[in-house]
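Take a look at the structure below.
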Amino acid sequence: MMRAFQILLVRDTKLAIRVGGGAGMAVFFFLTVIAIVPLGIGPNLKLLANIAPGMLWVALLLSALLTLDRLFQADYEDGSLDLLMTGALPLELVAAAKALSHWLTTGLPLVVAAPLLGLLLNLETSAFGPLVLAMLIGTPALSFLGAIGAALTVSIRRGGLLASLLVIPFYIPVLIFGVAAAGGGGVSAVPGAGGQSLLLLGAVALVSLVLGPVAAAAALRANLR
Amino acid sequence: MMRAFQILLVRDTKLAIRVGGGAGMAVFFFLTVIAIVPLGIGPNLKLLANIAPGMLWVALLLSALLTLDRLFQADYEDGSLDLLMTGALPLELVAAAKALSHWLTTGLPLVVAAPLLGLLLNLETSAFGPLVLAMLIGTPALSFLGAIGAALTVSIRRGGLLASLLVIPFYIPVLIFGVAAAGGGGVSAVPGAGGQSLLLLGAVALVSLVLGPVAAAAALRANLR
Amino acid sequence: MSDESKRHFTGDARLIAESLACIRGGRVVFDGLDFEVAAGEALIVTGRNGAGKSSLLRQIAGLVEVAGGRIALDGGDPELTLPEQTHYVGHLDALKSAMSVRETALFWSGYFGGGDIGEALAELDLDDLAELPVAYLSAGQKRRLALTRLLLAPRPVWLLDEPTVALDKASVARLVALMETHLARGGIIIVATHQDLGLANARSLVLGTPQGGRADVSESAPA
Amino acid sequence: MSDESKRHFTGDARLIAESLACIRGGRVVFDGLDFEVAAGEALIVTGRNGAGKSSLLRQIAGLVEVAGGRIALDGGDPELTLPEQTHYVGHLDALKSAMSVRETALFWSGYFGGGDIGEALAELDLDDLAELPVAYLSAGQKRRLALTRLLLAPRPVWLLDEPTVALDKASVARLVALMETHLARGGIIIVATHQDLGLANARSLVLGTPQGGRADVSESAPA
Amino acid sequence: MAGMSELTASQRFQAFANPARFMALSDRLLPFCTGATALLLAAGLYLSLFASPPDYQQGETVRIMYIHVPSAWLAMFGYMVMAGASAVALVFRHPLADIGAKSAAPIGAAFTFLALVTGSLWGRPMWGTWWVWDARLTSMLILLFLYLGYMALWATIEEPVRAGRAAAVLALVGSINVPIIHYSVVWWNTLHQPASVFRIDGPAIATSMLMPLLIMALGFTLFFMTLLLVRMRAEILRRRVRVLRLARTEG
């Protein structure tokens, strides 16, 4: 069973890299989003540094949202999902493998590239450590929670916007704690900026690791043709 | 020929509304993006008002990007595009009809909803006029330029990120002039904030109305199977 | 309109391919292919999987590049391109699950500049299903809906790529009857198939003999 | 592994359906359907388009909800669910254009816990194409690749939904031979088709008689 | 059966995959290009780093100019080569044009990156910041994005013919950006230097600095050409291998 999990993981990652461009593409997209923001809100460096962690997180959410349809939809449309369901691997683990592969090809490369992007946004160097840590903990939650939205909308061709809408509410805690843990402004009410937020972020991430695959599997079953 | 154009336009709009949720979904998505930003960058009202036009425009770009794959990909995958090409309507007009339908279901509703969203972001009421005008002129460019990216990546399943990447450089002028015309910060160097930027935005929009369909048609032809 | 769709096509049209070549994915599929199909004739394209039947049909429909040689409809409407004078029904059904059967037919009829859809749906026994969304159709019903396009607007050349796939026996018989009618009106049909259709006035073209790209055309009149 | 794939299945397994019902899109497709297929037997499901052949096969594979009655594999592996003991080849080919033929076979073999792929590819005459990306395959070649799944891991029940679609005559013969072998090993095959396959040990099930959902099962032994 | 007067498709295809004349020509050209590049770059580096005077305002940092300005020019030149070749490829379907455009992209992207980095390094002492979002810098960043997008498109579409055409369309559409980069300093008042070499009223720059700059620019251009030839040859060989491999899998 672990072999099937691993094989599925490898195949999905390979496909993501070939079809979607994989890691490089994710970073590149992230870069363009980050580059767009100063264009929109003006080149005031102080202001930029102020909102940099927030912007990084918003960009993270977006690149996750834009790639959600990669999770199940292609497999649904070409019939692969039917066959994955007749395998011995429980559907929950199928969903988990796909979410993990999504994280490997979108979340992880962004974590690695984050310091560079922080530079572009004029972030202080001292803020890089907490930022990367927060991203490392928070990004898996984006993929695993995203799987729920992707599964719910799997039978809808081009359900992109709808999936985003369904998922965004789940992303909000990640965003709030993520920004706070990264030392950004965030919702002021979060106390003890760094440590506590990081703990809360970790808790959210852990819950999503379990909740995501289970809910996604249930949603996929509900979408049986 | 005009009849075929109109029939295609109606059909695409209908499909967008049924499958993608259409106008309501676009506004709703826009709303959530706008709602997320304060969470990311903190609830400082002054700051928010400052960057409001920029954020509105960034959100506009994103909802356009997230729906780009709706333009040609479904038709390509199910074989409809093949048949559209054997019709008497030139491929350029096919692309134009699709881009127009994309604007009707994503850009236009957002223009209508913009004042409401400006309120959410604490924008001054006096700024609403220029903002709506700028959006009305700029959003068609997003759909028509977006068509190029969508057409270039039509043969790539889940080309979402790549299409965004290809399109973002073309969106940047729209963003810069759009924000400046809406009275936002924008690239500081843009002179004569309002009027001139609006003219430039208009020029970009006009160019894109021609360039978009022509380039998109060429890209579709290049992607012949 | 439905009267017009019954009119005869100009009797002297001929579809002519001269030393036609096809390259796909960097490999030569066929080359030096010559054939002619006159009005009222069908050309039955056969050959093993991968011989290039679909590629040939797509070339005629303008959907795959002609790598060499030429293909033209002599005596066709000089105002229209060859693809504009063909109906192509390929492996893909070109259906939208969110549209109903009636809407689908209406759309294609409008887009191709055709007329009434009632008769076309009835011909393929879809009138009972007209209000159903396409998502609810079975494979054969979808195929029949794709085939109605042939009847929605009059075009002289029909390109059918394995049209009988998923059809039950009654539907196959219905399709063959439609094809006979089209031929009787002076139409041209090129059909790629692995199944014997029993058309009266048909030549056959065998693609992909083992040696390579060479192809044979032979006259034949199956029972 | 490839030895194991040649082993016999337990000889006394029977696929049993009891007053099975199917509802799709709010409409009853069939109901009160009873049949039994013993090891070594094939059930050929026929019926007009929309009769419910695909729906039945998907029910057995666990992909469409069973609206009433039950379906089970008596004497099968008690550790496994019914879908885990079936190979389903449906209308969709479940292929990824970005993967090569070999990669596709390797993936499914690994996922289903099977073994060597070389023999399976050779059986369907795909070994020459092994390095080609799936995007380059013709319709029939794709179909053959989908069919290799049957050979990649041993499973007693084969569910084939119009498996001959797009296959040329040689491939159909090859497929029929594979089916005979599977039956000889004590496997069970349920195949929905509009074409006569000429299987020796086959019953037939006709779905969707005009009156309504009732169905007939009859013994038959076509040539 | 085949048309007698015409090439058969396989012959045409061989010609396509096998631009033998280009290979022969480039083989003879390459040594000269390499030699000239080495000479010019050596001379240029010596002149710009040691022989030329420091600026009376900028001091030694002005030496960044001798790298920055030629790379910026070649970034734009590279895009024009790419777009020109793309146009030829689209209109005349000449395989070499296709290969040329594809090979020019990474070189142009590298020069763009170099211009961005050197500009950024120069900006720190001159403007007190690594980066500002003014029109020149932004349009240059867009140029990098265009290059990267172009390369990404080539990389994701598997089939060379299709990829080439799609990428050509993109290159042509993106070429609008080149004049924008050049005139950005005129159309918007930016932090960046206005044009001082290519001006209607002659260069506004001291000859002692202009000479080394021009030599460096020439050296960079030859360097670009040399790299382009090498990359095109490699691409042609890669395609030959691909054709051979495909020919081996089934007829």
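Every chain is named by a letter (A, B, C, D and E) in the order it is written, and numbering of its residues begins at 1.
The rule is short, and it goes like this: contacts are C-beta pairs under 8 Å (C-beta built on N, C-alpha and C of every residue); 3 or more make two chains touch, one makes a residue touch a chain.
Model, not experiment: these values are computed from the prediction.
Graph distance from chain A to chain E, where chains that touch are one step apart, equals 1.
Among the pairs D-E and B-E, the greater number of C-beta contacts is found at B-E. When chain centres are defined as mean Cα coordinates, D lies farthest from chain B.
With each centre defined as the average position of its C-alpha atoms, the distance from chain C to chain E rounds to 48 Å.
Our note on geometry: chain A versus chain B, Cα centroid distance of 24 Å, whole angstroms. Averaged C-alpha coordinates put the centre of chain A at 38 Å from the centre of chain D. The multi-chain contact residues of chain C, meaning those touching 2 or more other chains, are 25, 27, 50, 91, 98. Residues of chain B in contact with two or more other chains: 19, 74, 156-157, 159, 162, 165, 168-169, 172, 176, 187-188, 224.
Among the residues of chain E, those in touch with two or more other chains are 133-134, 138, 145, 148, 152, 156, 159, 246, 250. For chain B in complex with chain E, the residues that touch the partner chain are 148, 152-153, 155-156, 159, 162, 165-166, 168-170, 172-173, 176, 187-191, 211, 215, 218-219, 221-224. Per the touch definition, chain A reaches chain E in the complex via residues 18-21, 24-25, 28, 32, 35, 38-39, 42-43, 45, 119-120, 122. Of all residues in chain A, those touching chain D in their complex are 3-4, 7-8, 11, 14-15, 18-19, 74, 78-80, 82-89, 224-225. Those residues of chain E that touch chain A in the complex are listed here as 129-134, 138, 141, 145, 148, 152, 155-156. Residues of chain D that touch chain C in their complex: 24-25, 27, 47-51, 53-54, 91, 132-133, 135-141, 143-144, 162, 165-172, 194-195.
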